[in-house]
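Input: structures, listed below.
Here come two complexes built around chain A, the first alongside chain B, the second alongside chain C.
Entry: the complex of A and B
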C-alpha cells in the first residue's frame, strides 16, 4: 500500500538552513574517516594487482613474500570460503556472491588491469608493499576487449567463463552480453512510417569515474570467537555487512560494521573491495587488526566507474510537434563482471516524454575494464545524452522552440514510463515553465570576444529516486534535548536533514537534537545513502518515530494530568488539555514517575519514491583556434519536492552539475591498445577544478511528493544528467557542428572545425 | 618504496661528495614534487636522497647588472613574487606561476623542473628562449651547459651520476626585448601542457622590426625543442601578421609530437602554431613596454 499525504505548508524548521551538526568536526579535521582508524596492534595489508587487462592466471608463487621478515599472512583466492551462488542487493545495484568474490580477488582469470590477485599482511605498510611485490604471478595474456563493439563482435574472446547470457529470454553461451531485455509499447515501425520526420543517431561515451577524494580503505579484526569488526569508508554500513557476510560465508550477526565519515562516494562506495581482504588477512594473522588503503591509481583502475557505451536512438515526430514514437538500443559497459546500470538507463531514457509508442532494448555488456558501479543516477546521464541529442536536432530541423516542444510532449501524472510504470504527481512541466520564464533563458547570449564563439544548450532528465529500508530511534533526554540515531551514512548533511523532520513534528529546535550514526549492532537495518533515498526514506522514519514519541508522551502526560491521552492535544511542541498546557522540553524533565525515559523507534520499507526532474540551460564559449571550452553561465532548474534544507539542496544540484559538465567536456578513461587506463591520476583524469566553473545558478521548483508528509523528493542524483547534453548542444550551437561522442574535448572540437 | 637514507648537507662540496658515493642510486631533492611522486611509484630504487635546501648557495636568487641567477632549490613562488624579476623576466614568471597550484609552487622550483626533464616542463621554454645556462658542480669541479642542450629526452639530462645543478644563469635581457610563455590545457589549472610555447623577441629602437627571436616548444617532442628556424625567420623582418604567421608555421614544422591521452599529433601541431602567434604578439607588446 502506498500512503499519500496532504502536504503541509506552514513550516517552522523545514525550509531553513541550520548549520549541520557535524560541521565543526569536519572543518576542524576532528571527524574520523576510515583512514584515521587506529587500533592497538594494527598491522598493514597490501595487494598485488594484475598488470594485464585480460589474462589467465597460470600460477601464483607466494613463497618469496612469505619469507620476508614481518609478514604475517599471504592470501589468494583459494583462501576464500565457497560463497553461495546467489545475488544480493548492494543498495544501488546487486552482486552475485560468487562473482563478487572473484571481483574482490581474481580466481583463475583477471578481467581488468588492476584486478587484485593476492594480498599480504605485514608489520608495517612498507613491508606489506614490498612483500606484495614479491609475489610472482605467471599470466597467459588474452586479447583485451575495451568497448561494446569489440565485446559483441563475432568470435570475441569470452571474458567471463561459464556465463550464460539471458538474451530476451533465450539462454546463450559463449557470450560477453550478460543480458538483453526489452520494454515495448505499440509498433514502432508503423509509427515511424507515419511520422513526418524520423531522426536516428548513435552516440558513444567513455567510461568515467566518480572521483571522490577519499580512496577506499578498510580495517578489520577477526577475533578468536569469530566475531568480525570492520571499519570502511562506505555509503552504507549495512551494505558492507551483508556483502562481507555473504562473500565470506559468515553469519551477519557476527559482523559488526562501525560507522566512519565518508569523503565522497557518489554511488562508488556501495560495493566492497578491501573489507573482505582485511577480514581474511586478520584471521590468517591470528586476529591482528589489518588495515588497507588504496592509492589513487588503484581507485581508478579497479573500483566501479560509470559505464561507457553506445546508444542508438531513433525518434519520429510530426510537423505539429508531437512525438510519434521512439526506439533505442542501450549498450552499456558492465566492466569485467555482469551488472551495468543499463536497467536504470532503460527506466530513465524516455521518462521526460509522453510517448504513445516506444521500444527500449538494453544490453549488459562485459568488457575488460573495472566492474562498473553506481554513479549518481546510474545509467540516466548516458540515456539523457542520447535522447536529448536527437530531440535537439528535431527542434533545429523543424524550427520548434526547445522548451515549448518539450512542454508539448512532457510526461505528467498518468504518463506511462517506458518500462510501464505510471507516474504519480511529477514536476517536469513546472520545471520547463520555470526554465522558460528564467532570467537566463530570456537573456541574450552576448557577443563572444574575437576568435571565440558562444552557444546555448538546454536539456532535461529524470531519475526515479529510491525508497527501501531505514530506521530511526529517538531518545528524549531529561533536559529536553533529543538523541537521534539513524542508520544512513551522512552524505551532504543528511544527519541534519533527517533531524529537521523529527524537529518539525516535535516542535523542538533542531539545534537541540544530537543526531548520530551508530554501528550495525546498534541500529535497525538501513539501506545505503544512495538512490536519492535518504532524506525521503530515513526522514520518513524520523517523522514516524517523532509521531510515536508524541503518542508515548501523551500517555505519560495523561498519568500526570490524570486525564486520558485522547483528550490531550499536541501542537507545535505544546501539549494542552482542559486548560492545562506544557511544552515538550519542559515535560521531558518530569517523566521520571511516569515510567522513566521516553524513546521511540521507527523502521520503514518504502516501495516507491517521488520522481525527480531537472531542466538545465548552459552557455558556453569555444576558442575556435584551440577548441578550448569555458562554461560562462549555467542555470539548473529542478523539482525538489520540498527543499528540507535549501542550502544543501542547492549544493547537491551544483555538485551534480559540475560532475555532469566534467563528463560532458573532459573526463574519460583513456584506454591504451593493451586495455590499460593511461590517465589514472587526478593530473590527467581531467575533472573540473573550481577555476573551470562559473557560479551554478539554481531554480528550485517545489511540486510536493504525495508519498511524503512534507512533500520530500530525492534530489541528489538527477542534476548530474542534463549537463551532458546541455553542454554538448551549446558547443554544437557555438561551432555549428554536432557531437555524438563524449567527452566533447578540445581535440574533438578542433577535428570537427577542421572537418570542412 | 625502497628504503633510502635522507641526507641534508650544507655545502655544495658535501652534497657532491654524498652523490658521488652512491652513483645513480642517489638523487638530489629540491621541492620533491617530482621526486617523491616517482619514488613512491617505484620509478627508481634509491639508496640516498640528498636534500639541497640547506645549501645557502642553492637557495639564493640574485639579480644584478649582468643578469639573474636562480639557485637550483629556489621555489617558484619566490621567483614570481619578486617584482624585479616580474619586470625584467616576465617570460620566466609566466612559466613559474602555472606549475601546479599554490601548494606545489611553494615547494617546487625551476631547478627541479629542469632536472626532471619532462617534455612538458613549463619552466623550461622561457629559459631556453632567454638563452639561459645551467651551472653544474661535481667532485671534479664545475661546468656550464646551455639550457637548450640540458634535457636530452624524457626524464634524461646531460647530468652524469654525481653531478649537481647549482644554479640557472639568465643573461640580462637586451633593450627593446620581451618574452612570454603559455601552454594549452583543457582546464584552467592543474594540468599537464598539451603544447607549450615560449618566445623571446628583441625589436629595433623603433619597435617596428624584429632584430632577433628565440622560440622554444614544450610537450611536442621527446624533449623541449628550440625552434631555431622559426625564431631566425623573424630576424630583420617587420612586425606584422604575415611575418608572425610565417614564424608560427615554422614552429609547427619544428614540432614532433605524438598522439597520447593528452592530445593528438594534429591537435598539438595546430596548437603550436596558434600559441606561437599569440606569444610572439605578447612578447612584442612587452618589448614595446
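Entry: the complex of A and C
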C-alpha cells in the first residue's frame, strides 16, 4: 500500500540552507568518530591476513603470539560459535551468516589476499601488531581467479566449496556462478531482425573502492553478563547489531550499538568486518574493551570494492529514432563470496529508456578478490556505462541529436522498467530538457591549446532510491525547543534535513531543534543510511511524528482553553480557536499543568521510494602526448524532487560526480598475476584531488515525488552513475576512438592514439 | 621476544599554546602521540602513509602529516592542531566559512583541510583558485568533490 500526496509548494523551512546542527563539532575537532572512542581499560586488537589470493589453510600456530608479554587473547575461526545457515538483510544487500562469518575470519580456506586468518588482543596497538605478525600460518596455494571469464571457464577452480548455484532456476554444483537470473519482455531476436541498425558491444571494468577517508574500526566490550556493547563506524547501528548477533550466534537483545560519527561509507560501511572480532577478543580477554582500526592497505584489500566485470549490450533502433529492443548480459564480480550488485544493476540498466522489448540476464560471479559491497547506486554505474556507450554510438552512426534521441525514447510515468515495474511520476524528461536548455550544452567546447584535444560527452542514469524502516521521536520542551531523536547515521547533514521536515510541520525554526542519534537501545529500528533513503524515509518519520505532536498539543490546549480539540486549528506554528490564539513555542512553556513536555513518535516502513534520474555533460581535454585528461567543465542535471537543504543536496551531487569521474578516468584495482592488488595505497590508488577537478555545476530539477508530502526524492546515489560514460564519450570525441574498458586512463588513451 | 617495552623519549612541546611534558615511545607517531597520549582526537587517522592529509597539523609554521612525524621529533617545537584553531573570540574565519559554505559532509577530512588551509592563508591571504587547489591537493576528500571546500577557502581569503 503506497500513500500518495498532493505536494505542498509554499515553504517556510524546506528549501533553505541552515548551518547543520553537527557542523560546529566537525570544524572544531570535537566530533567523536569510531576511532576516537575512549573507554577505561581499553586494549587493542589486530589481525593477520592471508598473503595469498586463494589458498587452503593447512595449519595456524599461535604459540609465539601467545608468548608475547602483554597479549591477552588470540582468536581463530575455531573460536566462533557456529552461525545459522540463514540469510539476513544488511541494509544494502544480504549476508548468509555462515559465509559472512567465514568472510570475517577465514575457515579452512582464504578466498582473497587480505582475508583475515587470526586475531590478537594486547596491551597496546604496537604490541598487538607485533603479536599478530608472530602468528604462523601454513597455506596450500591454489590458482587465483581474477576475472569473470576465468571464473566461468570450464574446469575453473571452485572458490566456494559447497556452493550450489541457481542458474535460471536450475541447481548447479561445482560452479563459481552463484546466480543467473533473467527479466524478459517480448522477443528480442525478432525485434533485432526488424531493426534498421543493431549495435552490440562488450564493455569491461575493474573493481574500484568507495575510498572513504576513515578506515573501518570497532570497539567492543563483552561484559560478564554476556551483554555486548559495540562502537563502530557504520551507516546503520541496527545493521551492525543484527550482523554481530547473527555472526556470533548471540541474542540480538544483548547487543547494544552506540552511535559514533562516520567518516564516509558510500555503501561500504553497511557490512561488518571488525566488530565481531573485537567482541570475541573482549570475551577472551575477560571483558576488557578491545579496539581495532584497519590499516589502509587492508581497507583496499579486504573491504568494500564495487564489482568489476563484463557487460554485453545489444540495442536495435530504427531510422525514425525509436529503440526497438535491448538485450544485455550483466556479469559482475561478487568477490570471494556470493552477492554482487548485479540484481540492482538489472533494475537500473534500461531504466532511462522506454523499451518495447527487452531482455536482461544477470550473473553473480565469484572471483578471488575481496567480497564486494555496496558502493553508491550499487550496480547502476557499471550498467549505465554499458548502455550509454552503445546509445552514444547509435546517435553517432545515425546522426541523432544525443539529447533529442534520449527524449524520444525517455522513460516516463507508466513506462515498464526492465524488471517489469511500472514507473510512477518521474523526472527524466524534465532533466533532459534542462540539459538541452543549459548554458553548458549551448556553449561551444572552445579550442584546445596546441598538443591537446577536447571532447564533450553526455550520459544519463537512474537509481530507484530506498524506502524501508525509520523511526523519529520528538519532545517539545518548556523553552519551546524540540528534542529530536532519529536512528539514521548522519554522513552528510541528514540530522538537519530530517529536522527541517518536522520544523516545517510545527512552524518552529530548525535552529530550535536538537537532533541526535541514540544507541540501538534508545530509538526504534531504523535502516542504514544508504540507498538514498534517509532524507526521504526518516524525514517522513519526522513529518509524521510532528503531525502526531500537533494532535497531542491540541488535546493539551483543549484542557487549557476548556474547549474540544477538534475545534482548535493549527496553521504555521499557531493554534487558534474561538478567537484565542497561541504560538506553539509559547504554548510549550504552559504545558506544565497538562502533563509537562509533549512527546510523539513515528515509525514508517515504506515499500517504494520514488526514483532518481540524472543527466550529465562533461567537457574534457586530452594531452595527446601523455594521454592525461583534464575535466574542464562539468554540469550535472538531476531531478531532486524537492531539495530540502539545497546546499547539501548540491553537495551530494558534486561529490557523486567526482567519485564517478575517478571511476571513469583513474581508479582501478590493479591485480597481479598472483591475484594481489598492486596499488593498495592512496598514492597508487589515485582518487581525484582538488587539483584534478574543476568546480562542478549543478542544475536541480524539482519534479515532486508523489510518495512524499514535500515531494522529496533520494538524491545521493544517482550522481555517481552518468560520469562513467559522459567522461568516456568526451574522450572518444576528443581523440576519435571509442573506449570499452574502464578506467579510460592515460595508458589506454595512448594505446588508442598509437593505433592499438 | 620482548617487544612491548620500547625505550621512551622525554619530550617537552607546546601544543595549541599549552606546554606538555611527555614520555613518548620511540616508535610512536606524532599522530598517535596527540590522539593516544594527550587525547586530542580531532586530528584524524586516514592512511598512516602520508597520502590522505586527514592528520595534518602545523609544526613551527609548516603543515605536515602527523602520521609521518615521530612524537619524539617535536621536542622544543610548537604544534597546532584543529583543537587550537578557534580562539576565545570565536571560530577562525575558515571554520566559519566551512559552516556557511557546507564545505563538509562526513567531516573526517575537515580538520586536516582546515589546518592545511590555514597554513596557506597565514602566508598568502589572497590565493587564486588554482593556488588553493594546488595547496590542498595533499588532502583527500571523498564526499564533497572539493567544490564547496575551495569556495569556503576563497570566502575566508581577503
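As a convention for this text, the second predicted complex is superposed on the first by the 755 of 756 C-alpha atoms of A that agree within 3 Å, B and C clash if a C-alpha of one lies under 4 Å from a C-alpha of the other, contacts with A are read in each partner's own complex, and residues count from 1 in each chain.
The criterion applied here is as follows: contacts are C-beta pairs under 8 Å (C-beta built on N, C-alpha and C of every residue); 3 or more make two chains touch, one makes a residue touch a chain.
The structure presented is a predicted model; accordingly, all values stated were derived computationally and were not measured.
In the superposition on chain A, A:655 makes contact with chain C only, not with chain B. Residue contacts after overlaying the shared chain place A:293 against chain C, while chain B stays out of touching range. Legend: residue contacts after superposition of the two complexes on their common chain; A:312 is shown touching neither chain B nor chain C. By the touch criterion defined above, A:425 lies against neither chain B nor chain C after alignment on the C-alpha atoms of chain A. By the touch criterion defined above, A:689 lies against chain B and chain C together after alignment on the C-alpha atoms of chain A. Of the two partner chains placed around the shared chain by superposition, chain B and chain C are both touched by A:126.
Looking at the superposed arrangement, the partner reaching more residues of chain A, out of chain B and chain C, is C. In the superposition on chain A, A:679 makes contact with chain B only, not with chain C. In the superposition on chain A, the residues of chain A contacted by chain B and by chain C overlap at 126, 682-683, 688-689, 691. Partner chain A is touched in their complex by these residues of chain C: 1-6, 25, 27-28, 32, 35-36, 39-49, 51-52, 54, 81-83, 85-86, 91, 95, 98-102, 104-111, 114, 132-134, 136-151. Listed in rising order, the residues of chain A touching chain C in the complex are 17, 19-20, 22-24, 26-33, 35-36, 38, 64, 67-70, 122-127, 130, 134, 210-215, 261-266, 293, 295-296, 491-493, 647-648, 651-652, 654-659, 681-683, 687-691, 693, 695-696.
Listed in rising order, the residues of chain B touching chain A in the complex are 1, 3, 42, 184, 186-192, 194, 260-264, 266-267, 270-271, 274-275. Those residues of chain A lying in contact with chain B across their complex are 126, 129, 133, 625-630, 665-666, 670, 678-679, 682-684, 686, 688-689, 691-692, 745-747, 750-751, 754.
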